[in-house]
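Two complexes are shown next, each including chain A; its partner changes from chain B in the first to chain C in the second.
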Partner chain A sequence: MSLDRQKEIEIRIDDVSMVFGRNGREVTALSQVCFEVYRSEFVSLLGPSGCGKSTLLRLMADLLEPTGGQITIGEEVPREVRLKRKFGIVFQSPTLFEWRTVQDNIELPMEVLGLKKSEYSAISNQLIDMVGLTKFKQYYPWQLSGGMQQRVAIARALSLDPPILLMDEPFSALDEFTKEKLQLDLLDIQKQTNKTIVFVTHSIPEAVFLSDRIIVMSAHPGRVHSILDIEREEGSYEQIRNSDRFHEMTARVRGCFNAYA
Partner chain B sequence: MSGWLRKGSQGGVIIIWAIGVLLVWEAAAWYIADVAHVLAPASKLPYLHLVLQTMLDHWSTLVEQGSITFGNSIVGFLIGAAVGIILAIVMSLSRAVELTLSPYMIASQMVPIIGLAPILYGIIHDPSLSRVLMAGYVTFFPVAINMLRGLQSIKPEQEELMRLYAASVWTTYTKLRLKASLPGLFAGLKLSAPLAITASIIVELMGAPDGIGILMLSSLYYGSSQVYMFWSTILISVVIGLIWFLLVTIAERLITPWQPEFRPQGRSEG
Partner chain C sequence: MKELTAVKTEPLSTSVAKSEGVKKPKRSANKASRSATLWPPIGFGVLFIFIWQLKGFHKLFHLELYQLPIPSAIAKAIQNNSDVLWSYSLYTGSEMIGGCMIGSAIGLLAAIAASFIPRAGKGAITLLAALNAVPIVALAPIMNNWFGDGVASKIALVSIMTMATMAVSAFKGLRSVEPAYLELMHSYAAGRLAIFAKLRFRLALPHIFIALKINMATGMIGAIVGEFFISSRGLGFLLSDQIKLGNMPIAWSCIIIAAVLGIALYYCIQLVERIAIPWHVAQRAKK
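On to the complex of A and B.
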């Protein structure tokens, strides 16, 4: 991204630690993690399994509470932000409710908020069109392919128009072609909506392709190893993927891992 | 390829199946009576048309006694289902309650109903109440266990999602857990529907003064002259059991339409 972008801090992770378990059988998932996420930035948390990247995402969303340090989002703690419904989340599995149609799944957050059907059906219809599922809005999840289910999950995460989108390996269970399509769609969505996106992944090319910055994490215990700025290029998927700069970046990221492996 | 097969099949298969059973039955009865010349052939397998004739002749008695039995068993089934649902909900809310109640519930199912029925009837001496209680007794357990499994079947991410959207405990329970439990609930209801009818009949065999079970028992005592009556009572029981099972299945389709087996279309591509 361009250097003249205003770097306003959205999420501040300050000396955060997370220890699971007790009575001597403790596992340190995260140890003294510090970094910031800027507004409208696409940040990836990249690392091997066990580096605590999913835990970190859950701490931001107030689905877990850190055992040390603190997280600030804007001027608030995660709980306040969650209660104001300023998060959208997408998990690795689509996590749809099997008894709800595509449309009803997308409307779930608005329904939970207590909005009326008349208020939100226009929003859900628009989201359904955006993720290209217009013909499938009355389908049940089991009638959809994995990629379509994940589109529903993304539309659901956007339904309350939250400023922050948290994504926990959302594409890692999908085939290469679907993954590629959804990656492009996600970049489009970010361009249109300017959301702050925190994206957990273990795929180096995916992180390099999508991110403005990559937080490289190491495991046992989970720490921030390094933070890399990525200069995103313009061009088609193939152009970017085949460019020298892309290869150079992935090599650099891979180098971070080799350093401690 | 399987489109027309699957669409037309449900009704068609049932009709073919029914005709097949009737033909095999008549053929077998004919073989036993007129080919093999078995002693007292009608008590082995009577001609179906003679059984149906008896049913028509004694229609009013059969309906009268049948409605006593099935009326009671349905009341018992509904009460048992309600108890099962409440137990499942209570157990889903507290692990401690679940651990406390499970052994009693499992032990309760170890008591043979054929032994429990006369004890119960001996204590309360009311045939209707005994039938209701026994039907409820066999119903509550499959309902509670299957529904509880459904209530506990939700994925951690589904709960995290509700938490992320700051859903209240009540909203999470009704919009997530209860919905997820419905397929299990219906599995339990379908299991216990025929059991409830059998349980009521067993009460009658063990000493009630009326009901289809009494007709069954007395026609057995009076030997070959009543053999068609005996088979009529069996047929009636089967038909009522099937109707009741069908009603539960229809309710299941209406209340849980998302289950794959109720959907004609296949998985879509994309």
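On to the complex of A and C.
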């Protein structure tokens, strides 16, 4: 859908390298990575373990600093973006606070920001409705299934209404059925909110199903192998999954990996 | 676009519960299992007292009645000396609770301070933990020498005995945060104080309660042993005094009362724990 619009660059990864360790025991996690992410685009970072895709996400989130190159988000460096709380983050584990209810968990970022309860309870209620947890807002995390916990984590990441959503394998610990539902709901949420989403995954079908573009990465050292445009189709989950074009795309992506494996 | 939103969110919320499943807390089942685990120890306790009363242990260990009084004799001694025993229980209890509270508070403050300077803090906490290696029997006379033979010296003794346990345990809790949670808080640009109040302290609470429970038991030992040395009141004083006089039923009354006091205070803390950290208690019950 972003392809129809004029492409506005939101995130620019410019010649970024990342080397862990020092004094002879160095591991190069990323080597001279370059690409751009456009506004309101759904981009997946796809690759085998060790290709540095999670590291790249952490660099964008200013949880790590690159050893070379630079990252620009809008006109700013990641640190400024983080301090202005302009991105939300979702990890593989839901990382919910066990002592807080669903609603209190979702309100955490707004509480940290120093907003008043009266200001944010309307926002959290709206988010709870959006992720389909209306009946469960007073439940504690341990009373919820894994999929529902991840819904809470997504709502929490959206609570400060950041323009960018960074997701690190958010569905990889879920079963197939739950994963399917959450993938569909995530696409709905993106349609409603127009977020720019950077999505780390190791699943080829997941990347093909969700993305506008896939950044295919190779490992040792982590670098960009190729960038693929995906034309997203309209239709039901089964229709899309069973379409010839879907199979063609997954085959093409898989081909990227076979080329260097 | 807006119409689409309304239509799409509606069926979403109803279908989530069905397919993804919710674990509802089963209160009644919990209650049943709790009473099931409660009855065997009570039954065993009653049996134990019954055998004791029938002099079963006397035959087994070749003991005379003046060495091990039977329960009915101890009960009678408690009844006859209830005034003294009550006031001495309050005396020893206040030494124990006072010392526990002061020691635990100092330990907790030390742990919090150390958690803000993790590297230097860890060394300081290790140093404090060395206090646990000092034998209490060596400390008791010194505390009496410093603070006199009243309540103050025993409170000081119990404080020293309990602060290290709290400091080590609370520090461990404050530092036991998984990296992803810290990354999450960083992504909200949360400061160190917010991370402490909203995350670290909450995660430390279970560790703090464990330390409090251990400290209650340690505190009882400290208060009684402290009274053995120099004292004119308290359960420990009465115990050592009456053993010297060969008045075993009263000596045993002191032991029984000390035990009951210890158990009662332990359950008080457990009750507060249930109210303060229900999320953790529930997690534990699940395992």
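Observations on the model:
One rule holds in what follows: the second predicted complex is superposed on the first by the 257 of 261 C-alpha atoms of A that agree within 3 Å, B and C clash if a C-alpha of one lies under 4 Å from a C-alpha of the other, contacts with A are read in each partner's own complex, and residues count from 1 in each chain.
Throughout what follows, a residue touches a chain if its C-beta (ideal position, glycine included) is under 8 Å from a C-beta of that chain, and two chains touch if they have at least 3 such contacts.
None of these values were measured; they are calculated from a predicted model.
With the C-alpha superposition on chain A as described, chain C and chain B clash in the combined arrangement. By the touch criterion stated above, A:D15 is placed in contact with neither chain B nor chain C. Shared-chain residue A:Q192: touches chain C; no touch with chain B. With both structures placed on the common chain, the touch criterion links A:E26 to neither chain B nor chain C. Shared-chain residue A:L113: touches chain B and chain C both. Of the two partner chains placed by superposition, only chain C is touched by A:K181; chain B is not. When the two structures are aligned on the shared chain, A:M130 is found in touch with chain C, with no touch to chain B. Chain A residues 58, 61-63, 82-83, 85, 87, 89, 91, 93, 95, 97-99, 108-109, 111-113, 136, 139-140, 142-145, 147-148, 160 lie at the interface with chain B in one structure and with chain C in the other. Only residues 58, 61-63, 82-83, 85, 87, 89, 91, 93, 95, 97-101, 108-109, 111-113, 136, 139-140, 142-145, 147-148, 160 of chain A touch chain B when the two sit together in their complex. Partner chain A is touched in their complex by these residues of chain B: 155, 157-158, 160-167, 171, 175-176, 179-180, 182, 256, 258, 260, 263, 265-270.
Contact residues on chain C toward chain A in their complex (touch as defined above): 1, 4-5, 8-9, 12-13, 15-17, 19-25, 178, 180-181, 183-190, 194, 198-199, 202, 277, 279-280, 282-283, 286.
Interface residues of chain A, counted against chain C in their complex, comprise 58, 61-63, 82-85, 87-89, 91, 93, 95, 97-99, 108-109, 111-113, 129-136, 139-140, 142-145, 147-148, 151, 160, 177-178, 181, 185, 188, 191-192.
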